[in-house]
Amino acid sequence: MNIKRADLYRELALEAHLRQGLSAINRVICVLILLASFVAILETEPMLRALSPRLFPTLETVFVVIFIGEYLLRLYVVGEDPHYRGVRGRLRYVFSFWALVDLLAILPYFLGIMVQDNGFLLRLLRLGLMLRLTRLGRFSQAWAALTEALKSRSHELWLSVGLAMLLLLFSSFCLYLAEASDQPVAFGSVPRVLWWSVTTLTTVGYGDMVPITGLGKFFAGLTAVAGIGIIAIPTGILAAAFSDAFQKKQK
Amino acid sequence: MNIKRADLYRELALEAHLRQGLSAINRVICVLILLASFVAILETEPMLRALSPRLFPTLETVFVVIFIGEYLLRLYVVGEDPHYRGVRGRLRYVFSFWALVDLLAILPYFLGIMVQDNGFLLRLLRLGLMLRLTRLGRFSQAWAALTEALKSRSHELWLSVGLAMLLLLFSSFCLYLAEASDQPVAFGSVPRVLWWSVTTLTTVGYGDMVPITGLGKFFAGLTAVAGIGIIAIPTGILAAAFSDAFQKKQK
Amino acid sequence: MNIKRADLYRELALEAHLRQGLSAINRVICVLILLASFVAILETEPMLRALSPRLFPTLETVFVVIFIGEYLLRLYVVGEDPHYRGVRGRLRYVFSFWALVDLLAILPYFLGIMVQDNGFLLRLLRLGLMLRLTRLGRFSQAWAALTEALKSRSHELWLSVGLAMLLLLFSSFCLYLAEASDQPVAFGSVPRVLWWSVTTLTTVGYGDMVPITGLGKFFAGLTAVAGIGIIAIPTGILAAAFSDAFQKKQK
Amino acid sequence: MNIKRADLYRELALEAHLRQGLSAINRVICVLILLASFVAILETEPMLRALSPRLFPTLETVFVVIFIGEYLLRLYVVGEDPHYRGVRGRLRYVFSFWALVDLLAILPYFLGIMVQDNGFLLRLLRLGLMLRLTRLGRFSQAWAALTEALKSRSHELWLSVGLAMLLLLFSSFCLYLAEASDQPVAFGSVPRVLWWSVTTLTTVGYGDMVPITGLGKFFAGLTAVAGIGIIAIPTGILAAAFSDAFQKKQK
């Protein structure tokens, strides 16, 4: 074996890329992750599956073989790092965060082979395949900046989430109070009205549930106006957090 | 009685928690308030009530007994505070803001027993039960920071509310002008069009009322664009107020 | 006549109120304007008009008589101001901005008496009555602050309006390109698609016109995403302008 | 020929207008571009075409003749600039960015004459006519400021676009998971659900596709709330970028 483990380790390691950018091998892996995710999306469309019944399972197998190879390779070369040396070190690596994400992106394939029905379980496994995309986070400096920005304002963000929840419950109760007599099915209980409250407070407004009484419209108007405030607060917090995070990085 | 009133007072008092966090007893009360609110929400769902007709009334009774106990306990130990000592001091406490909120969270239960119909009045009482959630405000430093932030910009916020009201009336009049002939029921008077204006200015847009004439669509387009400004102004004010409030607290 | 013109002038004049607040007489006028506007709104509701056919015309007459009195009084006392002394000065006052607004708030009443039909023209005159509300602007310092803030950023605001118009036209053309074959009535020409574009770019989204082709949905998705940018730009500009304006005032 | 090329060059050149504003001839061209675009929009409306079948083709011919004249004139006078002197210089000018835009605004007319069908191809050519509007960018300093502002924050903007794409895919998968059994046509595959996700994350919310299961509504609520964050991040970035760009220009 003429390729040295140390060279491979240097190629696969990510510590250096803050200075030098991603190595060629890591770029290829990023592209493969994007491709595999794209295939996983197209695979859900029955019309495309009907066109070529063998294409998608074959592609899935190819991707999984490659990802297993990458996983084993990482497991092999990580021994270069003193922290992960030996059998106990390897086990420590297997249970590290990004290694678990790598494993979770491979496992759904094998579960998918065992599952025979075409319903909820299969769709859940396909969602598991999408976890591959989160693997990209490992390669991105921006991800670290993002999570740090969110952490630095977590207190304010939780407060605004709490306020939003309170407003959500309160407006649901008000609409239930006003509309339950006139629309007993759609507005017949607070949990049912919650769906309406979420879509109104976020100003989405599908229109599948609409108040028809005067009192209901009055409460709904107040809810919609309050929704502006509920949007304004995290908008301001997030905007300030990102502005700070990017200014720090420039310095 | 071997538990001293002073110890209990120290446990229940909130003055100290700015430094030390909530005491164990206050944490239990917070969890009970959240639980009782959750039960009050589920109770409105007829399907859940049908599953177990006795469960919700029993739970309500348990919560009310606990909250009455808490109320009486607070009334007893508050005598430790020189300001609330003696009978006149206790009366002063009963009419203090948070004590009234505590009382309002208990009363709807007893009214609910007397009410026999299953309509508007019962739903109103259930809304009263939700007032419990505002009791959480007592335990939160963030609540104080929030209300202070809003107060410091109240002048600007009232101005933007005034502007929004003016725009609301003006756009309602314009749509009434344009659409009343073609949609005499939905757009037949300014008060009826107000509902449309609120949902458009807040960019909710349910689609239950939509202009169909060219002039109406033109005015509606202007309203939607104006809505962006109406959202932008309080967003900016609130974002700045919260940013200031949290920066102050960090110092 | 024992009330001196100079005293009345001092009561009606607005120059002093920046320091001392509104005088009693000006406060009464503000309340009357709000009342008259509220009556003008309720008057449009046929159900309320049917309840009491004589009430609203009587109220309108009362308000107009009061506003004519106010107008004549202002015309009389304005002679105290050297700038508006004599007949030529009075004419100059009549054609000043706020005096014209006052006149425009009175005239629709007399036109309304002459109009006999119950359609578009009458509604247009009722809209004229709403101009009364803009008279409140005279009494508000905030109005001046607001218009100044907008003026100071007018260049940026016009640029963002220009950008929004360009995007509006471009997305209308794209949707017309994609959907005209499949929905020839709703998306049959660019002017018809403009309505869809406005409601999408402002994220109102009524749902009365929705693309059904793949290409149309792709363009519509891009339009909706672009709408976020279109909202973000004036939001930032307005928020900054108001923040500056209020900070200046505090100093 | 008594008009000198140098004078004409000075009239048509844009370098000077940063100091002196647009020359008379360039203002006329701007107005003509706006007029031609307005005509191109109205031309798509079949009702207007039916009113006067010869009007729009005639107007189009007039505009194209003028724009060809402008193009040739620019090509002639650009020789004043040493960089574009001689035949090779002229060729260099023809392939410069703005000269290509000018050409692209003329070509669709000639293609339109050759196309006989009234469908997709003709609408595509009409969209080409709209490219004229982008020619206005040449005359605007603001355009340069805008593109520079966007470039200075391109890293942050791409990051937020990437995040939005990830969220889009993830929420599409979740809704597909929850709703595919109950609404097999509308939510039958991830690509179909993408349309729903875009309209929800941007808070447009048409209401043509709405989740009906409890799990679907739960995921949809989370998507709508996440949409607020997705809007907040570019809003903050764009607002800061524009604020910086305009402050720089003022200095």
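Note that the chains are named A, B, C and D in the order they appear, and that numbering of residues resets to 1 at the start of each chain.
Note that in this section a contact is a pair of C-beta atoms (placed from the backbone, for glycine too) under 8 Å apart; a residue touches a chain by one contact, two chains touch by 3 or more.
To keep track of the chains, here are their UniProt names: A, B, C, D = Potassium channel protein.
In this text, all values refer to a predicted model and were calculated from it rather than measured experimentally.
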Which chain has its C-alpha centroid at the greatest distance from the C-alpha centroid of chain C? A
Can you check which chain pair, A-D or B-D, has more C-beta pairs in contact? A-D
Rounded to a whole Å, what is the gap between the Cα centroids of chain B and chain D? 45
Would you mind pulling out the distance in Å between where the CA atoms of chain A average out and where those of chain D do? 32
Touching two or more other chains - residues of chain B: 203-207, 231, 235, 239-240
Topology of the chain contact graph, where touching chains are joined (line, ring, star, complete, other): complete
Residue set of chain B touching chain C in the complex reads 155-156, 159, 162-163, 166, 169-170, 172-174, 176-177, 180-181, 188-192, 200, 203-207, 210, 217, 220-221, 224-225, 227-229, 231-233, 235-237, 239-240
Residue numbers of chain A touching chain D in their complex, please. 37, 41-42, 44-47, 119-120, 123-124, 126-127, 130, 133, 142, 146, 164, 194-195, 198-199, 202-208, 231, 234-235, 238-240, 242-243, 246
Chain B partner, complex, touching residues on chain D are 203-207
